[in-house]
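Scroll down for the structure; my scribbles are underneath it.
Chain lettering (A, B and C) follows the sequence in which the chains are written, and residue indices restart at 1 in each chain.
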């Protein structure tokens, strides 16, 4: 089968992908250095998990102390795909020749990286080598969406702060700064949100996005119930857990209203348990739980039949639910595999099921979730390999011809993102 | 491995299967037309899910409007196994030569289908081509079980109405019509149920069957508790959720009593969430949930040690539980893969585990769940391919010889259904 | 791929494994006879499950009645890996030549087994043929840890009795006998536990171990809350479910304190539902549930950052959680596959994910959980085959070279157990 996988991969590589979710910074899309690339939380958290003390990775240490310590610790997980991303990135972008980072070769790689990172046209070059046409951003409502090429980097409204931190002074101040509206009740909140949506759509935003914990309670809350909760929150009064849940759900529904009015799909990323590990490195304290269910979202999906929801799960115990929801709900799309589920051993079985059971037009293959544009390349290539293996399986079992398999691949990587998000 | 899969499939095809669960109508087992075949809920729901408005599939539209619209929409999911069922059926039964339905070829297929469907001996011919000996029906208690060949189509008592709708006037009237008993209390309910079982067993019924939602509460309820609940329900008084749950469980246990007395296995199909999607097409509004557990049924399995329970799950999160229950409980059998779990990507991993861990005599391979007898053919063949792939894997890893693998296949498709249901 | 699997297996077989969890009896590590080997609960429960009445396996029956009856019943599950263990064991240890046990060959095998079992140096011979260096025991606190080779058989403190039966007279009496301490309150309980740990560490114990039900509530309980609960329990007063849960959790944390002080890793085996099947054979009444979550253990893992927890799950619905916990928590290790999850179809997909996502230094490959040392051989070989297949897949997809793959295998089977448990 290997030959078939390779020939499929060669074809899939030629599909110019759309990356529908990243944390790339619009004004500084690249990492500044090898050290910054290696500081991606995947590496620091796995190094820490393998036993490297945090002090050895401290910000204040000079490169020639921090990097070799990290590189040495990384040898403990050189079996992983996460490690593989770094190697593929180094080889494809910085002409690195080795299979492993070592105390002997990191310096040369660091120099090679420094020579390229942030140079003129570098991002375009990275995307060209990764064969990625556009990268979606994740912008908080207060971000300035000017000063960059919005055809290449596509703004998206990140809703987390609005749902989970509406009553924080910094949220309220930033809302006023963005919209001119002082939020004092539901009416002014709606006005502020409308102004946010308007600003984003004026600046070519193509979706709203939010990540939700496994126990999120999503239900329709009446304005008459929400009004006093919002008032109390704005005055700094503590809410009970249930009151908080209701207020959050109310705001999520307001945001869905915005998506409806401004015709934006909403990206739901379901599953992170925030801050569960007290001793972890920065970005390495969140976990997953097997206890969430999409049942929590049926009311949302039912009420907003004209809003497209693209959904990702963090726990594979939700994979089959998402398959069935995409199967039945006209407005639900199965989206990519992310973070703790972004591992070939999880992607491939689920991808196989999706391709066997769901309309190819309803599948969003992948997104990078990258913080630096450099990581879009190896992550997309990892996914392309998964896709090649899964499609080779379908061809081998004579379910799909090679042409039909490639039609699926084109939908997943390019056509569906373009059609669903209108880019 | 492909060659081994093909040679195994060729052998497996020769095993005459028993289809232990379908919704085939005993007096009208075939679809009336291509249009009716295409109206199978899998196609209408996936077409709707892909964006086809319901109006384009409306009953009142003439064939030459409805069928081409549906065929065009189906192109969006021509990657799926569900689509594949239609093509295999068309090729094996109606001499269709193409790989895809199109605006150009549907008319000729429709004519070819019309020429055969419902003709004399057609059902026998379908079953002969599908190499299926018997097809089990799913009959509500009120159905007439005469006027058809009961060796070919095996009656089964569907219990859903009795458990979930005992107090509905139409249920009560139909019970009286069937049994002569007017249900007014537990004693008369028992009498009516006994008469139903008696009628079914007299008419060669071979099992009882029920589908249960993931949150079904299955527990022993005392008659002294159930009596006033039944009385209230019969008088149209509303019951609380807990009271309804207790009454339902009480009736399920009465039905298990009936299975014991009349020596019928009980087929439990666990998992559908009914009516969860408000906008779906007919038959396309139900969902699945990852929250159910077989733990809810341990009391039932413990109390009715002399009743055989054949169990299917709708959510793969229950797959391992079912494996362990079949492993330990003498009276539990792992049954086939159905509906949202009837996808090779779900079937094969679970089937592998069952074959590696469970007595082959306790495994029921598959059932079609078909509404028209025509679909028994492609569904069983899909399963046979899964079985061939899984067994090839076992042979390749030298766990089983080819002869041993075929012994497993014969158990799954034929011998176990015959032995367990006594056909 | 078969050739690659075989060559990898040949290399993996050469790695001398460490078996970190078994129930082997230190003074009588071997079974006494073929009958005793066949009485392993896997065989009696599967035979019973397949329909063999318990009376046919009764203790009082002579071998030539009981064994042939069991052997005949076992034919119903000769497709399983559990059956395969018996055959591989018979072939590798007793020169058995057949693929199946029959009424004709069991007697000769029984004689061959009798000639070897329990002979001088037999255990060493078994371990040599299985290429296993050390086997960990599971010893209750009251066991005598003298009179055997503690370099070969490594003592471990089993904590189940202490957590789940602290107030039983036999527990208290045995604690006094072991430690000289009469437990009357928390202070004396701590003293007794410290003496237990001390005795175990003095006798080269290398871990503590406990199996926990899926619904175990693990949370920090204050001594001031626990004191009256312990007092009530010691006086035989009934505790509410919640009180029992709190007392158990309090004791588990005391044991974690002991692990910290005495520098022992704690093995958590999460998932058995005890006594769920009322009619099962001895050892065949426990089940699994898909409802547990590692979230119940985050507090424990957070508080005891300097205790290493090696974790196994019984329900695969916890597999991804364990992967992410091992990924993030410095003090968590993903451990082997056991009991209902000890099936290649469950092991391989999870093992693939672990190798793709986790530092190879944090993975414990396998343990036998065997009651007789003879079973360590076929169980480890089954795992080695799984490992060979998974690694072959990684090599085929060009993620790992053969050398890198073998480095992973050595970590899993030998180096990590040695490093983590200090043997």
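We adopt the following convention: a contact is a pair of C-beta atoms (placed from the backbone, for glycine too) under 8 Å apart; a residue touches a chain by one contact, two chains touch by 3 or more.
This one's a predicted model, so the numbers in the text were calculated from it and none came from an experiment.
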| item | value |
| --- | --- |
| Interface residue identity across copies chain B, chain C - same or different by half | different |
| Angle of the C-alpha superposing rotation, chain A to chain B, to the nearest 5 degrees | 120 |
| Separation of mean Cα positions, chain C and chain B [Å, integer] | 39 |
| Shared interface positions of chain B, touching two or more other chains | 317, 349 |
| Touch list for chain A against partner chain B, complex | 293, 295, 298, 301-302, 305, 317-318, 320-321, 323-330, 349, 352-353, 355-362, 396-397, 399-401, 404, 407-408 |
| Footprint of chain A on chain B - complex, ascending | 2, 5, 45-46, 48-51, 76-82, 84, 99, 273, 276-280, 284-291, 315-317, 340-341, 343-346, 349, 385, 389 |
